[in-house]
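Got a structure for you, written out below as structure tokens; questions coming shortly.
Per-chain residue numbering starts at 1, and chain names A, B, C, D and E are given in the order in which the chains are listed.
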């Protein structure tokens, strides 16, 4: 397999960033990791994953859709869409890589969301296999193998070498752009490392969490479960889980009057918010119970119902660490599960 | 979408010389919602107003913007014009392009641009204006005067004179207040009783005045024009309607050792008593703290001697509820307690007295029948020392920070009266400075010094020590001579500071009026509205607002009456519609708004809400009384949820103006 | 302590004093504790927990809980009692419907600080005489207890319970804390430095509203930021201005009402030191209008609904600190 | 501090004036023909205590370079106590803006009575000058609102 | 970049405004170059907006057979609708769509006897179907319209009902108002009761639209008369933003009203969770 000695990885990133913008997971001042534009001297993080998911690259928290100019009774529409430039996200974990295919099932189905598509078309996802999973990890529950991440190009690090395996044309293009630095080599070290990781995964506290009893076929049973009241009673109704979640994809469309025109933009929204479904004449989801239920029903039941059984969760564990009151999908699954 | 008319005034050349008014009209005409924009020579003239009225009708306008002089000048003019044309007057906004534009800028381009922007801001605001209707609330044609001293009596007489019913609530058995206790008045030295008691009689005989003596206000609800007041009529154990005031019971009462408050405790009265001979109402009162019958059930002498059968030992306190349109506070003052002033030996030595006690000692109806004798041994005092500013103008916590205002003059009066009557008595007055700013005041003071040879010494009395020989050693400093003095005095008179009556503060809470830190009622405006409280319908009479002498008190009493009459004359009050209102659905009931409201216009109610899921929930929410709210908007900012907003100056209106200006 | 609390709760449930108990419920791991309502002795036995991670302030839940039928037992740490008092003062809770058992306060632990040491795969955390023994799937790690203490506990202002119906253990005192040190440090920076500091922090904001939704002072029926008619509603920080505005207005709305419970910073997923904004207001209020601790009582007038005629002028801002 | 003193920069100033004192004071400075820059725009409010911090932030968002609040002198408030609340609120708000690194000279509270036309004009001149020296408001603006 | 994105709207010009009732107006919208902005099927919706004011989903009330313009009957009930009600002819608006499914006029409804039941503004989405089937009369069986409102003045499209539908041979129109009123000699009473009184044949396929409470009682009444849920269609309204099932707020269970609806048959609706 193509590989590069671990001490040369920054040469590779340097070379890649000469051709297009490269984002890598790097440490920020408070010790958390986030994707940052690679610049010379920047270090890859040692943290397992970034605090926020990588979905921003394709579905940013806010983006302008269209602009209007109002003049008396006339309206002028200004299509401000511009083709996105090529970029690479390096070091995406298996869970986040899977989240992109989940988002694709929303944004790339007819009618295609051109804003999302443009970014997706121009972004190359270079993934990185995990070697030190955390206690909050449960990607296995959704059939994700963290030692074999998807993406345009998969990368492994066994401590000595980084191994590269392009999976798509874009991935191949990325590998080609740094091919002069790569050499063909054996994978003995890698195999051992993957083996080790697989052993660790068996020991993870959530290793045995199963989603097999969830899915579209028990829709009303789960919807009407009497567990929701207790599960949702301490939910604050904030959007933390939604906003750190790699698969949450709801948005709101708003107009901003700049004084000389109207900018129509969309921004992330959360089904946990009390005004999410509020209408002039009422709200079908009046209490936090309904809103809380919606979020988990969507991930565990509605999404699979509409997408051949695929779940709307990738087990990245972000909501497990970030929820202010430590309520999360794992607790919900365990409490709710009907065998 | 509104239909807005814009009218740009030239104001002759006042505006047109520096602002290109045609261009302003033309530019504003293109703003969204503007259907007509015109300019005119004098918009405020009759023809100008007609132009506006015609445009309102012709274009079916929903709002108008006048670009002209300051709204302080002609806002009302144009509001009336709009109303005449059938447009709600509160759908008018003024862009001030004269005082705040053409008059201060010289460059035509700058001024024109600014005029356009000011016009835009007004248009942005008028887009959000809502029609407002001034509410009306009826006025109960009756006033309540709290306090029956000279201030209360004067106010009541004036109001009654104007033809309105008025009640006086007095906590003591008789009206008259402090003035009834005073011997002579300065600077004329006429007898206080001679001028006061006729007024008391007049009040009692006026059929529009009801005197509720021996009564207290216990609760006030409502608002301007419509107060509901609960009055506690304390049991006096004597049927007022039957008692003839003959005084037989007071003579026969076996319990004679009750300190007589009217004479400042300098002598005694009986348990059943009439405070003084000219009391109004002249009705006996039984003091339950001393009456043997009420305390032990044994006696009943008064009942036996009363031929009118007026004594009723079973009488109970009675609560009376009355409605009033206006309330006048006349709770007056008291001298402060001097227990903190050990250095003056008050309380240790009976010959150290306060000025008010001296009044009684010198009064013909006083304990000594008008002869000034030392309280201790009833001897004639030969040396008397007056100490000024006892507790006044203090910077420590013992006294009051303010000047009590009347002491300089009454001390001069006392000194003069003593020297007049007892020329062998030496009188010393220790003062910080002598304040005599009043008609004939300084002349009066000078007479005391020059004609009556009263020894005025600028300086402080350090210590007053009773001596074993019955004399009193007064240690003082003479600041002008810069020397220490010792005076062997027979009597010392302390000019105690005066303070508002203790009943004032709880009353202020009931009335939701403001008080300063000294418990004087705060007037609505210190210069321009000195006899009104900030709370509509509550007026201030006399010393409850600040230290005052009698003529000032009477003047303020009449002024308060005039203000009250002005209110009572109206059948109803037109309320300013630009008042705060609370969106009950958003209100948290947190009380922030209530705390910043200077008028007590905000109350809380527990309101039942129908929730969207068809359950009901009772929540505490704020409710603004539009008759009381004056529309300052303090509450709107105190409210964290944004539930409170102000008509005519709403959050969205002001923000729209900001946006338009910053565009 | 946990045992004593469970027993107390069971006793109060059994004798009918209360019908519900609000406390904390154990989670999947050693640290993921959720506030919860318990109604039976069995539930308490099974799930009630009180340990180094039970840091959540449960007083805000009492807004809803105290409106329900029957009395609720709330276990409150000293800092939580300040929040409850403030809520009582603002008529947001029905205090008569709450039975408060005061329990000792922290210091509580911050799992993020443990994780920041690179410790992962955590399966257990034990306090062994102020050394933390952290079991992980990668072996045991240790770290000093005080290095993992929550920031809000490290600058604890008071160990005193300002309201309670009953105490378990001794009551403490108001402490001399160092809580204004960081505010002061910022005040001594230049304006540009402060601007850069806050831009760095506030630009991290994802507007998840966790700070607002956890805040016991933020109990509005309808928050201005959710109200389309307020003119400042927004769901995402679409511009740096909106990041600033949200936090300025929020801090202003809780000024004089914030008890400095520190929950805002604890829950911020982006680790923005939001408590500094509130503390700045508290520090200013103390310095300019006299010491004031929100929640210390239920009757005092809040500094922003009060005044004196000789308050300082706004220009005082120009006269202080570094330009 | 930049040496460049922004000579050509004309700052936009929003002035909130209470109806009873300062708005009348502004009128008086007009009556007396006392000049101040045309970029000062006045918004009339019933009392300075009507001014919500939201309005001030809004002005900066929309492109104002300075915001000044004018009200009756303490003790002279038409509504008795409004400006006392204003004073506390604005002191704290301005302190917070300063704390966030917003230039402190961009905000001000000034008490101007109805008789102080000259003071009004002088205050506006002085304030405009102070803001002009700071240059355009960049720290508290909304880029979306910047004029292209 | 893709040529089009459904989130980017088109311009429409309001060419006519008709006042239907005190709070309902019908707006005629054409493309700036004339003609319709886009084609649609009966029951489909469009997103109308005044930028800066708001954007909302409205049923297209004109029939697809109308080739010149689209119509929207809009009740005044909020910020945007207030604005729309205040505008004049010639005003531009933005419009995007069509969104949602349609009544199955070309499939299941074909050849059927049709019963339309509407209450108040609920007539708006049905009007499109009614006029469609009137225009393609040969494809359908009998047509009956039961329509009720609070009062005579609240009957939407009253003029069209009187002038066109009632004069149309194959259409039976039964009107009712809630309370008796001067100048009204027709039926008085609530729609659900009127339906029961009229006792329509159970072989009809029913399309019902109106306030939720009316729908609830009408459905119950129909069941009493022997209708089954599979015979009854309705159209839903929930909070919508994107119109294409992506923004995530208008779902009932796994169905998005904007994409999988707004037209549902009651048996389909019954399978979904009770959250609407």
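In the analysis below, contacts are C-beta pairs under 8 Å (C-beta built on N, C-alpha and C of every residue); 3 or more make two chains touch, one makes a residue touch a chain.
Treat the numbers as computed from the prediction; the structure is a model and nothing was measured.
Student: What's the overlap between the neighbours of chain A and those of chain C?
Tutor: B, D
Student: How short can a chain-to-chain path be from chain D to chain E, counted in steps between touching chains?
Tutor: The distance in steps between these two chains is 2.
Student: In terms of CA centroid distance, which chain is the most far removed from chain B?
Tutor: The chain farthest from chain B, judged by C-alpha centres, is A.
Student: Of the pairs A-E and B-C, which shows more C-beta pairs in contact?
Tutor: A-E
Student: For chain B versus chain D, what separation do you get between their C-alpha means, in angstrom?
Tutor: 35
Student: Report the inter-chain centroid distance for chain A and chain B in whole angstrom, where each centroid is the mean of the CA atoms.
Tutor: 69
Student: Counting in whole Å, what is the centre-to-centre distance of chain B and chain E, each centre being its mean C-alpha position?
Tutor: Centre-to-centre distance between chain B and chain E: 66 Å.
Student: Enumerate the residues of chain C that touch no fewer than two other chains.
Tutor: 224, 230-231, 238, 304-306
Student: Which residue numbers or ranges of chain D touch two or more of the other chains?
Tutor: Residues 53-54, 58, 62-63, 75, 81, 85, 89, 142, 144-145 of chain D touch two or more partner chains.
Student: Could you list the positions in chain B whose residues touch two or more of the other chains?
Tutor: 596, 638, 651, 655, 659, 662-663
Student: What are all the touching pairs of chains?
Tutor: So the chains that touch one another pair up as A-B, A-C, A-D, A-E, B-C, B-D, B-E, C-D.
Student: Can you list the residues on chain B that touch chain D in the complex?
Tutor: Touch residues, chain B against chain D: 70-72, 96, 98-101, 103-107, 110-111, 113-114, 117-118, 121, 514, 522, 524-526, 534, 578, 596, 598, 630-634, 636-638, 646, 649, 651, 654-655, 657-659, 661-663.
Student: Any idea which chain C residues touch chain B in the complex?
Tutor: 67, 90-92, 219-224, 227, 229-231, 253-254, 257, 301-302, 304-306
Student: Would you mind writing out the residues of chain B in touch with chain C in their complex?
Tutor: By the definition above, chain B touches chain C via 585-592, 595-596, 604, 617, 619-620, 638, 640-643, 651-652, 655.
Student: For chain B, which residues are in contact with chain E within the complex?
Tutor: These residues of chain B touch chain E: 1-2.
Student: Please name which positions on chain E make contact with chain A in the complex.
Tutor: Listed in rising order, the residues are 1-2, 4-11, 51-55, 77-78, 87-88, 90-94, 238-239, 241-242, 244, 246-254, 271, 273, 275-276.
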